[in-house]
């Protein structure tokens, strides 16, 4: 499996390059010269960069899994690697898709893999629930996506990006473009766990941790961002939609950050953090800072994968997800601690770690776009990010209590990928810049000399200050205990309690599902059985009864038969009378 | 003309009265006797219609033959049951309504029908009848013969007490 | 030559009589065999001779229609006589003389009826056909039910005879003749009295064909009388009744055709509905077949309602289909009854596992009666509906088609008893050779005609064409 | 004049029908039938008399004969019924129904 | 091979095999099965040959054969296929091939079972290859009738308790029993065929062609008024078989009660036959009416989609879930046809095929589960994935195809239908149709989760310790169908290359082609 994957990776990277290449074959044929839909490969900077991320992380995760899942039974393991490989295939198909339809096809396939992998431990009811929940919620967004591309096709007659982009350049896009793009964006909302469809991602942590790292942190969940980036020329033609994306993204970022604060499960902290970071990326795209958003996507892929895998190493060691039962793991697992802290710093946007660059760029871009609201939301999120991440770091690796059992460092096959990812988290930007020999926006084809947005001069100290403040607060509360956690909670009023419930969004969905969908199903089921079919049965029963009733005519008395003859005669005579 | 009408009127009253007697009498024997009277009355009608031969047949075969068989049958069954046969009617009202409806339907049509001016009355001669039967209706006559044999055979088979 | 068949039947009757006189008439097998051979010979004769033409100055006609109908009568009687041979010891055995003689005389009546174009002859023939039937219905005279059925049959029949005769008297009186060609002319004048007469005749014949509501004698008679006889009774006299309808109403009372067609449509519709609905709750196979037979008469009436050469041809085709299917079904009932001692539907349980061939035969007959493709009944029903559709009676066609569904309901219930339910006893049902022969002939005919109905359709069309 | 005969016959026919429909006794029903057929004969003879041709007489003659056979057969059936069931009450003859 | 009457062969083979089976005798179960397999393989081979040999460059009817049946009335056995019917023949062959294997374990009266099953198949083939409407109708009836015995004898009885004010009617008719289901299905379909027959007659007479040949009739012209009500009659008649709302209620009861292979064949092929009839007969011959009634047909179709999905959600009996999902999917088939667009009709035909395979797979699996666990109640199952991973995998595959997951055949059909819907005159159809796929995702995954996921529940004899996975011949059916779902999901050209020309021809006739 792993070899196959490497092959795919090699192939994908071999095709990488700045020059845009599109190769298509007919897929859905129809009468006339052009097929209705094609399959093919579209290679440009965006897809190449994305493919690099996917293949790299996927390979590392595969390696890591060799250690992580070493105890699994062979058939289950086969299933696992099959799903993983299928995922890599589907994700690459998505990345290289030259048209909306193919993108949608692989979009669904990665969703499928996500569903299957979340449900990997299918005997666990929670895993089963989480898997279908993930599928349904993303499907909800996909429905919009599908309708969107159908509508867009209806208006333009094509799915091809190339044709559509040319139309965008020529300004010949249809009038209902905003509607189409909003619907398409819905797909991204579901996949990239934007509010209000973010509820599935935390639950998706029921899957094995490598899966969370690959699918639910680094790659699949960013497909939504990728989608928006891919169709960016079209979104640019519908600026209203971009603003919506920005606001939703920023709100999601903040919301998820607050939610992350209330979690006890280390993976759920990371999951909410992913949601929050996806919000960042979306906001960037919404603000027009394409390069910043995509860069954050790539870098986030590295450090979030790192965080997950490191968390996985911890879980692997202590056999629990609950942070509060961990503690002082830094002693038993110093290497893991180091890489985890590296990831955390990158995530928090502390210079010189890679996250700092992209986060700065995003904040700058949002400021430059004049989106003050989102800027405020994101700034708060910067603070909160540092807070909840270091809360996790302190509670897990330092803290007052020691974890039970005998935690140990993971084996080399797991540690290797961690180191590699740590390096990338530290110096991802620099390494990338060096390899490419140009700035990232240039790489993306935004023209020579294009740079990342950097905003006003006060931005860097402001954001770094916020991050450090968060770090400090976390240290005071969770390490030193100077400020008791309870006091903090009290100070925030009912907010923490709500946050622990996910602000009731889950409950709302559940209510709609149970009280709306299932109840309606029961109602219609009843109608079908007792009304629609009831009519049939009543008619049948009437026919049966009519037979039984008519039979009463046959009394057995001869004279009644004679009456019958006479009545028949009279009937004929009456008919005759009526005939004239 | 008037004489004939008068005769018809008288016979009609007789026939209808006898008919009602047939269907209303309590005692089966009385019914049979009323029937005989009705048949004889019909024979009288035939005479009025100048079909004397048929009148004769009517009296001999019908009033004589049929009534005799019926009486025989009644005697036979009476002997079997050992009781005088009483008979009653049921559903008189319904029967009356239905019969009246049939009568009205037929009578209404008769009165409604356009009648050509009364054609010359024709009388029946035995020779005409004999010739007709043996020429034009010979096949029917043969068939009737077979029918009589078959019916006789059947009636005999049924009525005969099994060995 | 024109009377060859009638004379043949008469001669056969005389032969039976002589056999009886010689003291052998009591033996069923010999008498029955003689009759069967004779009838088979006559049937073959009917196929060979090609004499056509009028007799008695047109009062008697041997035309394709008459020949077709006579062949139907002969065939039905032949099958019934052979079927009767398969009966175990019974009164028919000891009184074979009477049994066969009555059957033959009745047959003679039918044959004359098919050719009669004159009212006296028609009336006498009608009676010649009917009166022996009353006796035959009560032939098992120790059976309380049989004689009761016989009485009911007789009473209803006699009342109908009275109606018929009364109607004939008006027809004759207004037309001034008993010849049907004269009647045709008179009908053109539209004297209401004549119409009344004809309607009374229709009522009288309605009893014979057992149209609703003249049908009420049918279930009782069928249930109680001996089954081979019932099989015959269900087919031959009804065909004869249709012969009268065709001769009088279609061939000769044409001009107010719409009234006859309308009456036929009304009676047909009522008969289809009533017959099918009343068949549903039945628990006795013979009674079920009786009601279903009534419904079939309704379908045949649609052929008259169509009032076209097509309609009549399809009616004739239907008669043949009905002959084989219905007689076959009754004979299966006879077989089962002989073993189980009852004709209740439950005796058919698991028949498919006891005697697969017998069950298959019954299934074929039932499917044919139900109007399922590849057995003849399908074409029959289809052709009749076709003719009705051609005449524009779409509503009627729809009603008929819908009630076919009801009919299938009860036929399928029988099929369910045979195929789905488990048998009470696993033993096979013995089939007497004579009955086996009848069943085989019927089944083969049902399937063959179902696969290739073309020639019979052509024949029926030829028979019906001269009427219009 | 013809109409008068026809009406008389119709009345007779109706009375006969009444008897047929209401008599409990089988023999009584038979008597009603006799009346009905008798009415037919009146019809026939009247028509024949008023110029409808000789067929009426022939038919009347035949009808008489047929009536006789019917009565014979009918009575035979009644006798058989008596033998088996000990009753001729049509109301009681309802073994078969439904 | 030009002179070989392929269509006659395809049609006759199953029937000949049925006769052979009856002759073999009831004591040799293996011989019976081998004959059935042989016949199924032969028809499959012939169908593949037929499908592959169909010349896609010309759209007309090919492989023509003609034999006169009733000359006087102009009835001829006229056989021929176009792209659509060739696909349907292939579908039928595939399903019966799988069905023969899926019913390997029928023990009770297996000889009769196989004979009836194959007879039924002859009817289905006959319908798809007949160009003479009369012969078409004839075969149609043959396809309906054996069902009665098949369900009556080998069916299973569900658990429905009548409630409410109509309970008396339910008790009287015996709702829930297999006898009831068999009778209901048979009679309902025959009821529908009454409408068809009337419609066919009108076509025969009103067109002045006095012929039942599709080819001849398609040259006849009918007045718009005639077209309208004949179309309606045919639509109702065929629609009943296609399970259109509200005339669909025979289908859940029937399919739930039927034995495995029969459900496969019936839901997989026979319901398509109804849709096929609408397209082939009603829409082809009555083009004006097709346009006139398209809004009705499509609206009923979207009701089907949503209503069927909701109904499926309410079921607790596994077979009913699958049966209602058929009702829902048949809505998509009818919707595609009603759009009167190239994409839509292609989608419709594709859906016929895809749903046929998918539901065949589903019913095969449900049959397996029922046979091994002896229950159809979803609530009594749980965690079966552990005991029957193969079944679980195939079920998931089927479920995914049913919810329109790309890469499986169902998606191609759905996307084409959606595209067609948006192009049609009633664009709003798109939304309920898409909603339907969402609802499908909900009920189908919910069921899959209930049955296969979660901890193993306790069965009647302990913890389902004796619950085996699919075995031997059963695998053949499952793998075969799953593979087809996948192949036709990835390479839609397999279908579209043959179907599209025929669809374009049809649309051209209707006159809606741009």
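As written, the chains take the letters A, B, C, D and E, and residue 1 is the first residue of each chain.
Quick note on the criterion: contacts are C-beta pairs under 8 Å (C-beta built on N, C-alpha and C of every residue); 3 or more make two chains touch, one makes a residue touch a chain.
Please read these numbers as outputs of a predicted model, since none were measured by experiment.
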Fewest hops from chain A to chain C - one hop per pair of touching chains: 1
Label of the chain whose CA centroid is most distant from the centroid of chain E: B
Furthest chain, CA centroid comparison against chain C: A
Chain nearest the global centroid, as defined over all protein CA atoms shown: E
Whole-Å gap between the CA centroids of chain C and chain D: 26
Centre distance in Å when chain A and chain E are each reduced to the mean of their C-alpha atoms: 37
Whole-Å gap separating chain B and chain E, where each centre is the average of the chain's CA atoms: 70
Rounded Å distance between chain B and chain C, as computed from the means of their C-alpha atoms: 31
Residues of chain C whose C-beta touches two or more other chains: 120, 124, 127, 131, 134-135, 138, 141-142, 151-152, 155, 159, 174, 196, 219-220, 281
Residues of chain A whose C-beta touches two or more other chains: 544, 551, 554, 556, 558-559, 562-563, 566-567, 569, 573
For chain D, residues contacting two or more additional chains: 6, 13, 16-17, 20-22, 26, 29-30, 46, 51, 55, 58, 62, 66, 69-70, 73, 76-78, 80, 83, 90-91, 93-98
Pairwise chain contacts under the document criterion: A-B, A-C, A-D, A-E, B-C, B-D, C-D, C-E
Chain A to chain B touching residues, read off their complex: 559, 563, 566-567, 569-570, 573
Chain A to chain C touching residues, read off their complex: 543-544, 546-548, 550-551, 553-554, 556, 558, 560-562, 564-569, 571-573, 575-576, 579
Chain E-facing residues of chain A, complex: 26-31, 36, 75, 101, 104-106, 108-109, 112, 119, 122-125, 127-129, 131-132, 135-136, 139-140, 143, 146-147, 150-151, 153-154, 517-518, 520-526, 528-530, 532-534, 536-538, 540-542, 544-545
Residue numbers on chain B that touch chain C, as the complex places them: 105-106, 109-110, 112-114, 136-140, 143-144, 146-147, 149-151, 153-155, 157-158, 162
Chain A partner contacts - residues on chain E that touch it in the complex: 160, 163-164, 166, 168-170, 172-173, 175, 184, 188, 245-246, 249-250, 252-253, 307, 310-315, 342-343, 346, 383, 385-386, 389, 400, 403, 405-407, 411-412, 415-416, 418-419, 422-423, 427, 430-431, 434-435, 437-439, 441-443, 445-446, 449, 452-456, 492-493, 496-497, 500-501, 504
